[in-house]
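Let me begin by presenting the structure, written as structure tokens, before commenting on it.
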Amino acid sequence: MIVVMKAGAGEPEVNAVLDRIEEMGLQAHLSRGEQRTVVGVIGRKPDGLADRLMAMDGVERVVPILQPYKLASREFRPESSRVRVGAVEIGGPEIVVIAGPCSVESLEQLLETAQAVGEAGAALLRGGAFKPRTSPYAFQGLAEQGLKLLAQTRAQTGLGVVTEVLSPAEVELVAAHADMLQVGARNMQNFPLLREVGRSRRPVLLKRGLSATIEEWLMAAEYVMSEGNHQVVLCERGIRTFETATRNTLDLSAVPVVKERSHLPVVVDPSHGTGYWSLVAPMALAAVAAGADGLLVEVHPRPDQALSDGPQSLKPDRFAQMMEGVRAVARSVGRSVATAPGRGSGAEQRAFGA
Amino acid sequence: MIVVMKAGAGEPEVNAVLDRIEEMGLQAHLSRGEQRTVVGVIGRKPDGLADRLMAMDGVERVVPILQPYKLASREFRPESSRVRVGAVEIGGPEIVVIAGPCSVESLEQLLETAQAVGEAGAALLRGGAFKPRTSPYAFQGLAEQGLKLLAQTRAQTGLGVVTEVLSPAEVELVAAHADMLQVGARNMQNFPLLREVGRSRRPVLLKRGLSATIEEWLMAAEYVMSEGNHQVVLCERGIRTFETATRNTLDLSAVPVVKERSHLPVVVDPSHGTGYWSLVAPMALAAVAAGADGLLVEVHPRPDQALSDGPQSLKPDRFAQMMEGVRAVARSVGRSVATAPGRGSGAEQRAFGA
Amino acid sequence: MIVVMKAGAGEPEVNAVLDRIEEMGLQAHLSRGEQRTVVGVIGRKPDGLADRLMAMDGVERVVPILQPYKLASREFRPESSRVRVGAVEIGGPEIVVIAGPCSVESLEQLLETAQAVGEAGAALLRGGAFKPRTSPYAFQGLAEQGLKLLAQTRAQTGLGVVTEVLSPAEVELVAAHADMLQVGARNMQNFPLLREVGRSRRPVLLKRGLSATIEEWLMAAEYVMSEGNHQVVLCERGIRTFETATRNTLDLSAVPVVKERSHLPVVVDPSHGTGYWSLVAPMALAAVAAGADGLLVEVHPRPDQALSDGPQSLKPDRFAQMMEGVRAVARSVGRSVATAPGRGSGAEQRAFGA
Amino acid sequence: MIVVMKAGAGEPEVNAVLDRIEEMGLQAHLSRGEQRTVVGVIGRKPDGLADRLMAMDGVERVVPILQPYKLASREFRPESSRVRVGAVEIGGPEIVVIAGPCSVESLEQLLETAQAVGEAGAALLRGGAFKPRTSPYAFQGLAEQGLKLLAQTRAQTGLGVVTEVLSPAEVELVAAHADMLQVGARNMQNFPLLREVGRSRRPVLLKRGLSATIEEWLMAAEYVMSEGNHQVVLCERGIRTFETATRNTLDLSAVPVVKERSHLPVVVDPSHGTGYWSLVAPMALAAVAAGADGLLVEVHPRPDQALSDGPQSLKPDRFAQMMEGVRAVARSVGRSVATAPGRGSGAEQRAFGA
């Protein structure tokens, strides 16, 4: 249930509503939107609650929320949320492209990639320092050393950094170096991890689980939000089906479904979603046409030497070509592509170029 | 295996190749492309065959085809195929939109819909006369009467007609009234039906089965083509997954995958693919951005009264709105939207308008 | 809705109920069970219908049927159905094992297999004459010649014959030679075929579609039954999932689910369900323990030379070994294994033995 | 690659092999089996390695292991492993039944259930103290208090305790109270958690992920084993498919597949696998017939009041009835059902009985 306050309602009216809710043993969640203040009520509601709240000063209307997710639901917050990552905003009119290598391998590899994707129009840099690998004998990432290389690359290129965190104990460390914390598909229902990133101040990129329904995905977002961190961006990255021509089946319908049910921004990862570099550009364009707020794309200067995910990584020149298409499709649906306002100067970039 | 003839190869050289192949107990399929003549060889090849064919006059090169589909493969025919349906061509630079009701219910309903979708930019009319329904107690379609209404509507609106055929015995009847034969998802591996439409002269719209891999789908096309009918258009319409927020999971990645592997045109059905009208427009736009050659969209003047598939049918005004978006996205990827050149005059249209 | 008649209700009371239902424009389906006569009512029921029927003489109670399948539902017929195939009954206390080659290849192969499986305890012979093959270039079966070999083998071994029918036009031909008509997984929603086998007098083995829900499967049975043929046996043969270690995922839970919802017998095909011969025996035993009424098992004297499905075919000695296990598990759940009462004499068998 | 030592090979020969492997920068894993000593070699092998190892004293043969899992593979350890949990052994001739409530709710509920399942023949007690729930607003378990109740119940009933651990930081705490650590389906690829339970001395019950292939599942076991803990029991609990009649699709084929590929014991959870109590008994029997080494079953004295998973929980009397069937089927496949040798005396049990 949500309580929508009148446009002119002041502190005392809002506080009275909060108090009333808590008196009844329920939880109240306050959300001050741009146009309206909204209070979410969580817990088992007694009969007649809606009427009693409606009768209070400053209350415009009381809306039941049928979905099991509350804070993540569109009913809770009718306007779309925007999530700020460094100098960039995800969920507004601009498409945000996050690009970079699957794994951080070396400073040289990272800088070369960052500069290439930044020049081509990416607004944020991705790169994995802690890698969740199917085999214990595969490359597991550079860990803290990788985080430092990411931070160093941000300092030199101005691109904000998105990187994955694998366990609750590492959230603080990753948050100290990264601008956005990624929760990977395999951890979408790692509830202790969701709670811990919910206690962090960093925005969260929450990937959909390989076999998660959209409802379960929004419930995972609710875990993060229920701890106080409302800066959640959802990322569709393909689901597991019987089809073997692609690594996963990219479920682009999830984009308009999420937009109907939730106010949270949603981006699409066509690299994991397809598993083959030649399919990345068409699906990136399709994602933008479907209404996605951004893209997450793997780029590597030498995919054949990549320590992970080479087959699905674009070379920088193909990424630049893809960005041309992304800009054209974005314009056709009334949007544009965000640029990284804080990128380092050309001089700095030249100093570290390939 | 395919034999690519030299640009200047004449009849005698080609015939010699055909003869040699058949002497060896193999099947030869001749395909005269715009730039090259190509001969497909089907059957178990003896060792040394490629060398012997290479040595013949007029042969440029011999290419093995690894895929189990031959005639449908991109290797067999490097340039993309175009399939003509009435006055419209599918697979060329223009996006072809096929729209209309799920079921033909009455002349009035059909004409009203046909005129509305024609005005909004559809190039072909869809409508089911024989309906495959999950329940034997549900509306099964108007059968032959429905075919006549479709033909009558074509006469009055100029829109070519696409309709489903359910059994081999009905292929001739349906082909007598329709411009294109649709093979539905549930019949994608109804092999006697595939063979029978393969013997027809009508172009075929072959929907992907609910749980068919892309390879099986191309094998189904191969069944049609192996009977001599090469006019096959593939239609992605969603696959069955665990997700319940949509009726099916529209697998848009299938579009670029098919484009890589096959020369056949591919269109997308966002109505069945999603199951909800509010998701149709975003997924239609996404399909065009992903490279689809056309769309198949359900439109009904009064979806709440539709005898089938109401929830996923667009009203005419929403369809017209969607077409605006389709045109914009098509332009952004260097394409345009086909119009029906043979549509009846405005006067005819007025005579039957709502 | 079903009308359950009192134990002692006579013809006049039953006829009055049938008349009343038809007067209202509804369809009545009469089912005379062992303990009760039951009338099914199909169509959109007017308000108050149940009360009016309840008030009639001889009516014990009126039960709404919520499922979309009526004749196939357990509510329609509370006791389990038994389907007679030749001299064998499926659905009673005895487990019926149907075994034989995937494809009929020659009289010798068929007879050798039939004698081996009959001696090991199979009660019916399976063998495909019309084969649904993914590729148009693969072996398509011996067609009518195969049917004749099946009939000849029955004459010599006494084993009743189960074989697949692919198209409505061939139902009569197949029914003339076979004891039971198999509708394959790819045809589970081939509605014209379902209707045609529904008009036949032969019992039907209805395989579950590769991606069919249990509800859709029962609706397919309803298609057959609604045409008057109530002799339907369901066959679980694996569904399509993401798992690649097996050809399909054998959904044994479908057995108890079907038993709850329907009165129809259900058998299990562990050969197609797993795709590998080494998995067939464990899953056959599991099927019996789960409550299946029978098994459908592929056996071939020389699997490495089989024209189809070699990897999943058991050799006769391994089949005999499996049957030992089947008998033991059947006993442990209070059942036994049916034998073919009409099998040919030993002399006949010797004449054609290996 | 594995190096199988001769039956009579002594310490010096084995050590020489270990040294040679490590000199080459590879990892060696020593496994002293009942009949043979085996050394696993992990890492990228130089050409000629097998020949060089074959030439060493005491080496019988060198076998390449093709699977990506090494320590978990059947090739690594040809005989089946047995895992001891308290006084019970999983993987031997006896079927081990683990039963109890989904969540620990109170001492009374736990003791009542434990005594009922122990009397009916369960050998181990299950019960969740840390609960992974889809919603942050649902009951999350009694946490440490729940662990204490489990330990207290073990003291009074003699049943060893299996309980889930959700995060690496809690492994030590859970291991201090439980006899076996359960890693849940949602955590099957929570790699930091797998590593941490791999460093524990407790046996591990590793559930298959909702959309994990069997190969990925064995790779998850490999994560645990590669840290030195070889006491891993796999648990099939249903995979996610399109079917909605059951909560999940119990993939019983996984049992014989795992038995072929791995030496690890495998048990089956028919409660989560089906989601409905009425399906639990048939699938439990099927699991035993398929070759499972044990069962994991949810039992609750009052399922309608359960704080989680009520619909799939058996009442104690139905569980006792199921156990009759389990014993009968176990006998039919040459096995028996383990009893808990260390159960408390009748006097203790009476003191806490219902």
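The letters A, B, C and D name the chains in turn, as written, and every chain counts its residues from 1.
Note that in this section a residue touches a chain if its C-beta (ideal position, glycine included) is under 8 Å from a C-beta of that chain, and two chains touch if they have at least 3 such contacts.
Small disclaimer: the values here were computed from a predicted structure and weren't measured.
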> Among A-D, A-B or A-C, whose interface repeats B-C's (more than half the contact pairs identical)?
Replying inline: A-D
>> Let me spell it out: compute each chain's centre from its C-alpha atoms, then which one is farthest from chain A's centre?
In response: C
> Which chain pair shares more contacting C-beta pairs: B-D, or A-D?
Replying inline: A-D
> Between chain B and chain D, what's the gap in Å when you average each chain's C-alpha atoms?
Replying inline: 51
>> As a quick test, compute the distance in whole Å between the mean CA positions of chain A and chain D.
In response: 36
>> Multi-chain contacts only, two chains or more: what residues does chain D have there?
In response: 211, 240-242, 244
> If each chain is a node and each touching pair an edge, is that a line, ring, star, complete or other?
Replying inline: complete
>> Touching residues of chain B toward chain C in the complex: what are they?
In response: 42-43, 68, 70, 132-137, 166-169, 186-187, 189-193, 195, 210-211, 216, 219, 222-223, 226, 240
> Tell me, which parts of chain D touch chain B in their complex?
Replying inline: 240-242, 244
>> Residue numbers of chain B touching chain A in their complex, please.
In response: 211, 213-215, 239, 241-246, 249-257, 260, 273-274, 278-279, 282-283, 285-291, 325, 328-329, 331-333
